[in-house]
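Please go over the structures that come below.
Note that subunit A is present in both complexes that follow, paired respectively with subunit B and with subunit C.
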Partner chain A sequence: MAFASGYFKTSYKADLSLVETRTRWLFLAILIIGLICFPFIASPFLLDLASQVCLSLIGAVALMLLTGYAGQISLGHAGFIAAGAYVTAILFKEFNAPIWVTLPASGLVGAILGIIFGLPSLRLKGVYLALSTLAMHFIVVYMGAEYESRRGFATGIVIKPPSIGPFIIRDPLVWYFLALIAAVAALLFSINLVRSRSGRAWVAIRDREVVAEAIGVKVPLYKLSAFVTGAVMTSISGCLFAYYRGFVSVEAYSLFLTIQYVAMIIIGGLGTILGAVLGTIFVVLLPYTIDAVGRALQVPARLTTYMFAIQYASFGLIMIIFLVVEPGGLVAVWNRIRNYFILWPFKRRPMGR
Partner chain B sequence: MDKPIDLSIKAISLAIGGLKILSGISFDVYKGELLALIGPNGAGKTSLLNCISGIYNPTGGEILFNGMDLARRTSHEVAEAGIARTFQLTELFKHMNVLQNLLSGRHLKMKSGLLSNGFFWGKTIKEEVEHRQAVEKIIEFLELGKYRKTESAGLPYGTQKIVGLGRALAMEPQLLLLDEPSAGMNRQEKEDIARFILRIKHEMGLTIIWVEHDMQLVGDLADRIVVLNFGTKIAEGKPDQVLSDPTVIESYLGTRAGAK
Partner chain C sequence: MRGMDKAQQYQELRNKTVPGLFLERVRTVPDEVAYRAKKLGIYEERTWLDFHQLVARCAIGFAQLGVEHGDRVAFMGDPCEEYTICELAAQALGAITYGIYPTSSSAELLRLMTDGKACVFVAGNQEYLDRILPLSKELSALEHVIIIDTRGMLGYDHSSLVSYEKLSEKGAEQLASRPGALEDIVSSVKPSDGLCIVYTSGATGHPKGVLISHGKHLAATQALIEHYPVLLERSHRTVVYLPLSNVIGRVAALTLPLLAPVIPHYGEDIEDLNQTFFEVAPTVLFTVPNYLKKFASGILIDIENSSALKKLAYTIAISIGRQHLNNVWEKKRDVLWKLVYLFCRCAVFRPILNKIGFDKVRIALSTGAPLPSQLMALWQIYGLNLSEAYGMAEMGGGIISAQRPNYPRPGDVGKPLACLEVMLSDTGEILVRGEELFECYWDNPELTDEFRDLKGWLRTEDAGEWTADGGLKILDRISDSVSHPDKKRISLTTIESALKSSPYINEAVVVGKDRAYLSSLIEIDFEAVSDWASRHNLPFTGFTGLIQHPAVIAHIGKEIDRVNSELKSHEQIHEQIQAFRIIPGELTPAEDGALVTPTRKIKRKFVYRKFETLIESMYEST
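On to the complex of A and B.
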């Protein structure tokens, strides 16, 4: 990372710290205070958006580990989310299971799915692998739909708000903090992974598989571990989403959901954790922004029926624009802006990272 | 020779499809020696290195190392056995900086698992610091200090090759395979790499198999030379004796017009 001059480290341990200077501690503190104060100022609508961003972030950072770091392309992400949601719904409906059962159960089912559908990655690459993960998505959604229709929940499954002891989690404010904590935990876990042994092995596999093996990385094991890590985190986010919405239905887990997650990591910037964060914020807010713009422009009522189509199309368009104009994603834009201010009023790009 | 044998190649053959690439190559590599493997383009030098390092599995023959036959092993098993290699085209991990590339070479020496990494527990921190120290020694040895945090893809080609050498050294191997370390380098860089190779041999005591095209470097540095041509061994011995061998000269330079 670029630094203003005059900052020196004196130990290798200091080089491992995530927050490196006093200025950064200050910015972090401001950010934390901002995140804590946010729900008390924001409207219920904005609070809902923030919770959605936090919950989506878990899935996005999981996909970033799998695709952005380990280089395994997956189009089955909505399948993992659906798996978590359906495990939660089924356990709740059949056994009235509480959240401390459904949450680990979702993770476990995610892990099993991750192993099974990670296995093709040992043989397949690129588009072929993407196709086999897509098959997983359809299998999971089919099984979910089958459960719904057999048990007579044709319109979807309603889930009661989760409770821990006597305390029922229903208040949007409590949900916001819960989602925030989960997102921060997922982020920290991922950051730690990518800066240590496992993350380096993943990047080695993405960059050059033959060489990764020649330096002693057990390539099949690490490919599977990437799938399992991604699947567990995503299924857990699926479980939380199911409780947050209070409703599970097949329509919510279409292929479009996968595309949204892929869009998050591409628009954010592949191979960076910050990219997952920026991309998630961007993609979650985009439909609402388009809505708001439409309202501001006072689109005639007969055109509002096309809003959904416009949202679909704008995703594709924005992804293409990013791939062509800024393949580094929002992270590259962010770094440029930051470097500009670090060096202001000078113009030279900083050396190194 | 009375020195102990480190690696013994016995009648190695390799065919890919119908193409015979290596046929019946045998030679021994002694402990602590710098053995140069030379031959014209397409002679099978890199293929032989690939056979040793497990990237190819030879169709016949044995490669004995510490009582283990490497001929049927995968490349990570070969790495575990204590053999590291560099690549002709550097093959660095391009999304990592120099430090991360070298640390990735420590993969086998590190033991921490996924959960420990994810929570960054004491074990992982301790390991990261310890192996950073080991890697820093290599950075100092190879004079890479100023590139420590530079993305490897942006480095000059010659420096990338040195980083590739560093990644192999980070594995602390017993046997080092170098695939044309000086190719594409200028005189200055070649002298640097020659110095590094000699220091690796004398100070670290590694056995080195060295594929090289620069005959001057080979003649100056190598302890022994093995010459390949069209997948067979045509000569083996001390540099002065091999480089003046008429068959070797013929395979490299051809015969004088009208000499026959």
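On to the complex of A and C.
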């Protein structure tokens, strides 16, 4: 909905537009220019962070669809990422498969896993569902570890940079744009999905399953579709991550990774795509920020060994703070700030609207 | 030379008819947007060609029902696309249309139906159908009832009932075989034929039916456009929300678009008016003081509820705005103040206007009732280019005199339109004469003679005076003015409108004729006062509990004191409201024996009679 007066729709097609007002077009243009110019002025370190944010965003949005919109709790997110990464690694190692084979293959395996481990969701709810998805995580990681040790890649699998035709993707700059395009595609896909029939069905299931069933939502179908959509997107992000890092190893897919993704959507704000974006930026940058703060404060060298522990602890602390102080997450904070200016000089929404 | 052109233009318009001009418009700009109507969230655009087809179908449908030249067609309902189509269709057949205010009581409905002797009644929806059906036995002239919105009509089975849809369908069938049917019918309508009857609000008696002819209505509307040339400068948007039974509502929705590039917009429902304004952001606004007051009250209350910083910003901006507005009125050029004001306008007032959809308004015209000066000044500070116009149904285009745009000083109603002569009688009553006046009072030659003398001067029943720079100032209803011992006339209306400028006071009726001092009956704005009460943690149960609460009475008293001092300083009125009582209830026009007209004008006599004891109690102590 437009926040400024004078925007009326004369056709349903116009009503579907994602950008409604001139102000929003302006902000969008600034954002796009900023994103395009960013790699040319940023340091390699910042560029790496930006690419990480973009790649993580795909997984975070996927989890947001599954948990934030469809209300299906999943603790198997690292498992889906691992699945994508291992499919890529195995296909590369065994068959020297190029990216245009591994990428869809990851998605396909993700879809299969999504169906299999989405099935319990038809019966289970809440913690029980969380546990069954957790099982999936362990199964995938176990199989990955088995492969590694059986084939003698005990320290991990090295993957060569992907190539499209004669063009080898190695330059961080190219990686940044690739990740950006993938992230934007994932975002557009999700935004359109949640405002279409599937999205509405998911929200109905999340809010009250019985009512959703009563108003004609095919609950099993949409629960499974949520799992499949989430799993496919996540596996693809796993595949891209594997290429980006050039290395696949079991240690990278611990339970902590799942918790990071869950943190992204909770800190960002459940049930909004914007929340996934804000949460991803926040969570990906947090460890580096803590590092930077540590360096700025000139923490004594003997304490830096505890840096990892501090990171873990502050992570948990911030999650708790968000859950207690602002359950709506960063999106709620953003909305409050935005509303302050939108409602100006009033405090509440003016009469009649 | 230009004067000659104008005179010629008027003469040409006097020789045209509304449907004739409509067809002309269809011929010249068939593919331009004629209006937009919101249906299921989408503002559907209708070109003049679409409009033509809709009107043609409906007109043929009417003809099949037996509507003929000179017949009357009555309308009751909220303004909507179909209402306008039906009006134009009926007028194309030479029928005379008249609207009945949606808020009218059934006694009034019966009176207007018997007076106008309509053979067709167009009901907006099932609600109005329920009002007319019980009366249909008493109305011998009534043959058909047409219903526009057919929701909730499952159980209705009435032989005379036709839905708008059915009517158009039937019309379309016949139109298919005779494509030029509408043009043939329209050619038989003469410019001197009756176009519509507009019933006066009836504040001083029963409503009078004012018959207006085609040519005069067009010429009078042209005079209004000439008064506001900005209407022709570019394409404008306007929102149709005023009842079409009112002249100015009709001009804005029907006639103006024929003569100027004004595109009317119909909201989805009159209940969603705020949203419609917000979405459409009209550039031309025709309004009545009641709406301006409602919107302003809402703004003031929301500011009151806002955070301290925002409130402070508003307060500062208002005082700067007041100073700037004074400069504008005095025609003083103070560049620095202007810059400061423009900053305030961008920072504070534009966001306010934006929220109600008034930020794009180029010209706003208030008519229909006296506009309180304070209210007008407030809107001008906000940056709404608000002018006041004085009008009556007897004037073909509704407007007699109007302020020029560009932030005129409140207090008068500007200079009379070019096509009119205005003078004051010995008693101070405003008299009007001109070519564009109405034909006669419908079916009542005696009444016409009573109000219009042989030289053509029409009595308006309003007392007025001329201001120093030649503007007309409306004082009061001639019957209402109270003379003070020093022979100075006190305008009760001025005092009442000052009282009404408080967001907490909806309506005020001042008592003072043959009394020792002035007092007032107050109708509170329930929403505003209950909001105030809950902000101050006052417990109350319902309306009665609220108005009896001592704190509420004290608060209203404080508002009245403020108005008293304002009257003293701004209007040089030294008589103070010394007592007041709150009316136990809300005044509504819909009940029988209503104390307000459908346009919410006070029927003073009836109010005095009904609240006699309450009034007497204010004078008992002396």
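By our rule, the second predicted complex is superposed on the first by the 330 of 353 C-alpha atoms of A that agree within 3 Å, B and C clash if a C-alpha of one lies under 4 Å from a C-alpha of the other, contacts with A are read in each partner's own complex, and residues count from 1 in each chain.
In this text, a contact is a pair of C-beta atoms (placed from the backbone, for glycine too) under 8 Å apart; a residue touches a chain by one contact, two chains touch by 3 or more.
Please read all numbers here as calculations on a predicted model, not as lab measurements.
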First, second, both or neither for A:D15, with subunit B first and subunit C second: both
Which of subunit B and subunit C A:L193 touches, first, second, both or neither: first
Touched partner set for A:I267, first subunit B, second subunit C, both or neither: neither
Partner chain in contact with A:I215 - subunit B first, subunit C second, else both or neither: first
When both partners are placed on the shared chain, which of subunit B and subunit C touches more of subunit A: B
Subunit B versus subunit C as contact partner of A:I281, first or second or both or neither: neither
Which of subunit B and subunit C A:A204 touches, first, second, both or neither: first
First, second, both or neither for A:A183, with subunit B first and subunit C second: neither
First, second, both or neither for A:V87, with subunit B first and subunit C second: neither
Subunit A residues contacted in one complex by subunit B, in the other by subunit C: 12, 15, 351-353
Complex interface listing, subunit C residues touching subunit A: 36, 38, 41-45, 265, 273-275, 277-281, 298-299, 302-303, 305-307, 310-311, 313-314, 348, 351-352, 354-360
Interface residues, subunit A side, partner subunit C - complex: 4-12, 15, 344-348, 350-353
Subunit B residues touching subunit A - in the complex, by the definition given at the top: 53-55, 74-76, 78-80, 84-85, 87, 91, 93-97, 100, 103-105, 107-108, 110, 112-114, 117-120, 124-125, 127-129, 132-133, 136, 149-151, 167, 171
Touch list for subunit A against partner subunit B, complex: 12-13, 15-16, 189-190, 192-193, 196-201, 203-204, 206-208, 210-219, 225, 229, 271, 351-353
